[in-house]
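Labels A, B, C, D and E are assigned to the chains in the order they are written; within every chain, residues are numbered from 1.
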Amino acid sequence: MSVTNEEYRPLIVAFCCNWCSYAGADLAGNNRLAYPADVKIIRVPCSCRVNPAFILRAFQRGADGVIICGCHPGDCHYTSGNYYTRRRMALLFSMLDYLGIEKERTRVEWVSAAEGAKFAATMNDFCKTVAALGENKRLEDLRCKK
Amino acid sequence: MQRIGVFVCHCGTNIAGTVNVEAVSDALRKEPGVVFSTNYQYMCSQAGQDIIKNAIAEYKLTGIVVCSCSPRMHEATFRKTAASAGINPYMVEIANIREQCSWVHKDTLTGTEKAIILGRAAIAKVNLNAPLTPGQTPVTKRALVIGGGIAGIQTALDIADAGFPVDIVEKKPTIGGKMAQLDKTFPTLDCAACILTPKMVDVAQNEKIRIFSYSEVTEVHGFVGNFDVTIKKKARYVREDICTGCGACTEKCPQKKIPNEFNLGMDTRRAIYIPFAQAVPKVATIDPDHCNMLKNGKCGVCSKVCTAGAIDYNAKDEFLTEKYGAIVVATGFNPIPMDKFDEFAYSQSKDVITSLEFERLMNAAGPTGGKLLRPSDGEHPHTLVFVQCVGSRCEACAEKGKEYCSKICCMYTAKHAMLTRDKYPDTEVYVFYIDVRTPGKNFDEFYRRAVEEYGVHYIKGMVGKVSPEGNKLKVQASDLIENRQIHIDADLVVLAAAIEPDKSARPLATMLTASMDTNDFFTEAHPKLRPVESPTAGVFLSGACQGPKDIPETVAQAGAAASKVIGLLCKDQLTGNPCVAHPDEMMCSGCSNCEKVCPYGAITYVDKEFRMPDRTTKVRRVAQVNEAVCQGCGCCTVACMSGAMDLKGFKNEQIFAEVDAICR
Amino acid sequence: MRKIAKSALDSLFAAMSESKKVYLPVDGEGGARYQLWTEGTVLSEAVNTVRSAKDFFFPQTENLVEFKMEGKKLDVIDVRRETEDFVIFGVRACDVRSFDILDRVFLGAPVDTYYKNRREHGVIVSLACNKPAETCFCQTFGIDASAPAGDIVCHMTDDTLFLDAKTEKGEKLLATLEGVTEPCADSAADEQKALIRSRLDKLPLKGLTADKFGGDKTKEFFNDPAWASLSESCLGCGTCTFVCPTCQCYDIKDFKTADGVRRFRCWDSCMYSEFTKMSAGQPRLTQKERFRQRFMHKLVYYPANNEGIFGCVGCGRCLAKCPIQMNIVKVMKKLGEGGDKND
Amino acid sequence: MIDMKEPLMPVVGEVVDIRLDTPDIKTFRVVTPDGKKAFEHRPGQCAMLSIPGVGEAMFSITSSPTNTEYMEFSIKKCGCVTEWLHSMEVGQQITIRGPYGNPFPVDDVFAGKNLLFIAGGVGLAPLRSVINYCRHYRDRYGKIDIVYGSRSKDDLLDYKEIIDEWANDANVHVHLTIDREQEGWDGHVGFVPNYVKELGFDTDKIAVLCGPPVMIKFTLAGLYELGFEKTQIYTTLELRMKCGIGKCGRCNVGSKYVCKDGPVFRFDQLDELPDEY
Amino acid sequence: MQKVTRDILVNKAKELLANGTVDRVYGWKKGEFAYDVTPALFKSEKELDEFVFGDFCGANVSKYLVAESKKAGGKILVFLKPCDTYSLNQLTTEHRVDREKIYAVGIPCEGMLTGSALKDKVDSVLSVETEGDTVKVETLYDGVKTFPASDLLPDRCRNCKSKKHVTYDELIGEDGEVLDSGRFDEVEKLEKMTPDERFAFWQGELSRCIRCNACRDVCPACTCEKCVFDNPKSGLENKAAADSFEEKMFHIIRAFHVAGRCTDCGECSRVCPQHIPLHLLNRKFIKDMNTFYGEYQAGEVVGNRPPVVNYTKEDIEPSEAVKRGE
């Protein structure tokens, strides 16, 4: 079931909050810290803007992994947004796992604007994990396959 | 359908080195809505910006996608460019193909491919962008300071100095707060009254400042720049405008046995009273709970002796509503009650006192005229035991104490010990501590002087029990360094009680929709970067209401809060962030979920009448967002089940479109 | 007429499967449903499937056409394929009649070619109901559960299945089954038919009649105040519609696929508030109107256009599945008894 | 009714001309990519236009069947599909299928009769096709009266065509009106129903009505007052439609399907239907 | 089974109608069979002749109050089982009903039978009689069958969470207690499976979904003015489960939307024509919220703040939340 074919590259959607994680990703760029091009970042004002529907939509449209990055708890630009993110995602991920969907395909990571290295390391690790799982079959929408 | 122009930047070789910019602009030209696509060496340069401006004119562009460096770098630049060419700045989206693409990927093929995808996502988003205009709201150029302690006084003076009117609301009959009750201040040992009372007088005399003493805030409506605040002026039964503060009434009043709050009940006052000699405003106040005239109509002495005729037994609470542009919270602190700390016998013995009571005992204007005398028998104490951290740093005793460090106790205890030894060299002074924390300018030197020059016995350990026996207080304690039990027969025990926010803060926070931590200290908008602002726009924090503070820190924060207020009041109009939440009223169910998660209290509910398709009208409860208050985090949009709440600039459909474009 | 031992049904399905895909009711979680026969699949004994058999000809979703777009240009791509032949085995009398009702809609001019394509390739093997349920009222609409229509009509006794080809299609299929079946007298299933008939006579809804309804009754029933009380508790869900074998309303929608747009149709329900909603207005404002539409359509409008044939086959699915237990029987009784007009 | 082979399968249509008629109505000219008329139609029939991914909607064909080169649609902006159509530029390809519905009985019932067309606002769009058809075969019909009203002069659809062509035709009488006084307007001012009564037509004709529901209601009352019978008055209905061929159930009113049995109805026929349109 | 009788309720309704406390009554009307009672509104004493009450009157009528309490007129009388009162409280919390317009009479409940649960066990039911905890079912072909009630009760009653009424204006009979039910046992069982088994289980269940929306339309938590699944602009709209993804999407999002608001009334599973155990999705969220953020029962108290719109600084990280039994 898992695809170990070298050709296979996972598609990763990363939601990054504008104030910490997106800046962290920029810092990773400034420092030329490489991570796979599989990661495509979507900028949101705060991680709490990420609706569970966005995550499911990404899977539907062919994403193999979805990661949400926000400020560290306590450091939210909007004081409490990421606390809500944490609850929502804890519940959502637990539900996805309950439905038998590989829990490694979803992740929340707190990355500050100073953590360029952490951002790159996180993305490298996440890509590796998702690549090992292979294509997303359990939450795919066949209509969206080419 | 938009007419979109795509502009791919080479950024010298920064982008073009890893990304085939030509291929990117070619590929993006085929995307829906794109009518023009080009690339250029430096888009942010004047020449690059001119390319954009010319294209806008030539191709009648309605949307712009710039594939370049991070929007954190040049989003503002390109928005200005767009605006100068006549299209709404919020019709610009940036695809970050430098920091998040060319700089982190080495291979041209994958780099180019990813750049195209990022560009596609930006185009998909712009296709759904709508012009946004930031809201403008006028600013009422008046500030309200809640609390008349040193924090409130300093804030008010600084704001008034900048030329803006300020009102201070103080619930006590006089301003001055806790500092007025202090004797000396550490580490310089200057007299609190000597430095505070001139400021109180300044406040009284400042034309820009109004003092509402003996008053409380009862209602707050509105938002930054436009608060409507209702202030309750409690009936003081003495006309402030007439009373001269002569004090004749306070001497003649037959009700003499009322515990004097200012001296923490260690002496008495009359039913009509002026809290202390330097009170501002210096007017008498009748205590309705004890005044015979008010209680049963039999007395009227004060009225008879008042030559000014200021007494008015028929006075009522007055309510007035004022407009303010900014609100500063300076509600201060109180020592926590000691009645739950039975081990220290506070309730059993008058000779177990708190540090604040000790301040009054040492104060020349205090109950003993500044002589250190035991409250129980008026004798001079010889052995004094100071207990630090009573109720502070108390993880195990959350039900009676506090988990946090009250911060000021170490220093004032050192001060008390030093002053005692200085005035009364015949005393033995013991201080029991967990740690001595002295991080402040000249603080540690001060503490060391207490130990080294004044011979105060500092013992690391906790007092286990204080038991009154005869006229002595048996103190059982442990010395953690020597690892032994200590028994001291003390004459006076002074407890460094933890401090907590004033009880009035919680209801006030609710009115202001300002958030509080679990200890009821106000939270800052950002713990590091915005320490004097509350998360609620236009509400600022000054002094111990935000966390334990000493006087210099309080004054510093008071000044900082004032400067933030001045910065706000200087503006004629407030320009909002246009990327704010916006509810679709037809879809709103009125469930209040969004209101609950909004960190800024920007969402309120109104009952609104709607015309239904069948031409009937229906009253529905719907959410309303105050755009001047909303900061645009989007938390409410996810809490909203029906999707009625959306975030301008980051609409659900825009993010879906980005996801779709990336996952195509 | 031919017969086969019940114990040898597997060989019958295997023989059918050689030329065509065979679908038959199979028991599962939540009830019986049609499934493709493979080795070991066991025919359900349930009186009926949860979903009706209309899916075979009018599936819940069906792709109509695809589009590819680039710039202002557009391509229309016909994605239709000729359907393979298939057999639906074990269709009950009511569901067989439902095909007739659907045919009148979809095969009436202009012909729905998507439906026609499937319809022409399906062979219907019906099965008489040995144990009609208390919710059955097919008799109300003149359907005889002991003698269903179909390309091949089957009767099952405790040990034998009798097959009787009624159409050319059926005869062709039955001819391919000669190897596994044996001939028998045309009257072989009569006893079973009689048994079923006696059981039908004892059904609680036996006396229900549709006499009061028909194509000319619009004026009579449309403004009956009883609609208000009947529809009062209706949740506006689509359960009745989706389990109904004759409901045929559909929606046409577009879906953005990876590289284009796919236009598909899917079942819709006149019970849904969005059904008739336009940007300019809404002709059926409340659930009362939507509820009324569904039943008026089955009992009045459909017969008006189809020689008096009712748009209901009495399968009883809505009786069993409605969340609030409101159904066509209650509606017929209430209105048939004069509704609320006398109030 | 034209029997179509593939009623649900659209063809590509290209928008070759877009005309801004009024502030919220545009007229689109549609041909196949090779420049031909997509299909033949009769006056009063409709076609389904769609933008894949946005949606499909039914519009009446406003050009006359006698026009063999192209079809025109006058579309008012309201809702998702029309908004998208209004944002289109020339050269855009869309999909088109049809024709749907029954036409006006121009060749039998109308033949040889005097005709009265009454329209309000965008309601002129479906009538334009039949008016131009009748003008084309002018000798087959008697006197033609056209009463057309809108909110203002700027909201009058096809104003140029009406003034330059219709009004100049023999035995065609155009009566325009606008709701309120306006600078530069010296014609009649007032609502259509009142104007119809003022004009006081003889009952020797067939009336065709199209416009907003309120206008229909009062004009109808006016016509009855003038002595018109229901059997003399026609209108065309608009309901939500999906399939266009009377199967999807959406436009079902009583035993009729507006897309298939309509959209043209005579008022006595409408009386037979439940009041759900 | 039920200890309270039709007559008690009808007399109460008549009394309250007569003294003007209420002007209409939500109750049930008899159907064709023993089990098909329909919720109905009664507006006069005369209409109450048709009022029935019995062991099949399990529908949670709270949801009807959303629309009904907004209508003009006086108060509405409803008879609420303990579990229904949680829904009413939750709706009050969300300002979806006008509590002032409702006169709630709490009635005790011994567990309510449902037609669908009954028909899982017996075919062709002619009549049903209950005596104590025994249910006698007369059938067309199998004679009279007898069952202990617990065999026929749906899951929500077998695992009843509470016999306590959390809101009422008046109570008939004694109030009960919150029960220590085994309602999370099934969830735990699923949690203990391997992800592959869980996936197979849910794929099997959800693939039967026909998107009739009955679960949503009956759900007292689903009272949005316009559901995202009906709204073309929401990005989630769809009518049919055209792909296996759709049905998962629908049920995940629906469960998420009612998380913290779902009182676990079990109506979704009751009405599902395909017998999908939808309550197991909602219960998963309830169980997780209880485990992660402390016990919370939606609807227990008016004004309670559901865990999804709340937080603490020490909340569990999502990465920890999915580490079950590892």
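By our rule, a residue touches a chain if its C-beta (ideal position, glycine included) is under 8 Å from a C-beta of that chain, and two chains touch if they have at least 3 such contacts.
Just so it is clear, the structure is predicted and the values come from calculations on it, not from any experiment.
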| task | From chain A, count the fewest steps through touching chains until chain B is reached. | result | 1
| field | Between B-C and A-E, the pair joined by more C-beta contacts | value | A-E
| field | Most remote chain, CA-based centroid, reference being chain D | value | B
| query | Between chain B and chain E, what is the separation of their C-alpha centroids in Å? | reply | 45
| Per the centroid of Cα atoms for each chain, what is the distance between chain A and chain C, given in Å? | 46
| Distance between the centres, which are taken as Cα means, of chain D and chain A, whole angstrom | 54
| remark: Contacts with two or more other chains occur in chain C at residues 69, 251, 255-256, 258-259, 268
| field | Where chain E touches two or more other chains, by residue | value | 228, 235-236, 242, 308-310
| Can you list the chain D residues in contact with two or more other chains? | 80, 89
| said: According to the definition already given, which pairs of chains are in contact? | reply: A-B, A-C, A-E, B-C, B-D, B-E, C-D, C-E
| remark: Counting only contacts in the complex, chain C reaches chain E at residues 29-31, 33, 46-47, 50-51, 60-61, 131-135, 199, 202-205, 229, 232-233, 235-239, 241-243, 251, 253, 255, 264, 266-269, 272-274, 319-321, 323-327, 329-330
| request: Could you pull out which chain D residues touch chain B in their complex? | output: 84, 87-89
| note | Listed in rising order, chain E residues that touch chain A in their complex are 187, 190-191, 195-203, 228, 235-236, 242-246, 248-249, 252-253, 255-256, 259, 281, 284-285, 288-289, 292-293, 307-313, 315-322, 324
| note | In the complex, the residues of chain C that touch chain B are 69-71, 256, 258-259, 281-282, 285-286
| message | Which stretch or stretches of chain A touch chain E in the complex? | response | 52-53, 56-57, 59-60, 73-74, 80, 83-84, 86-103, 106-108, 138-143
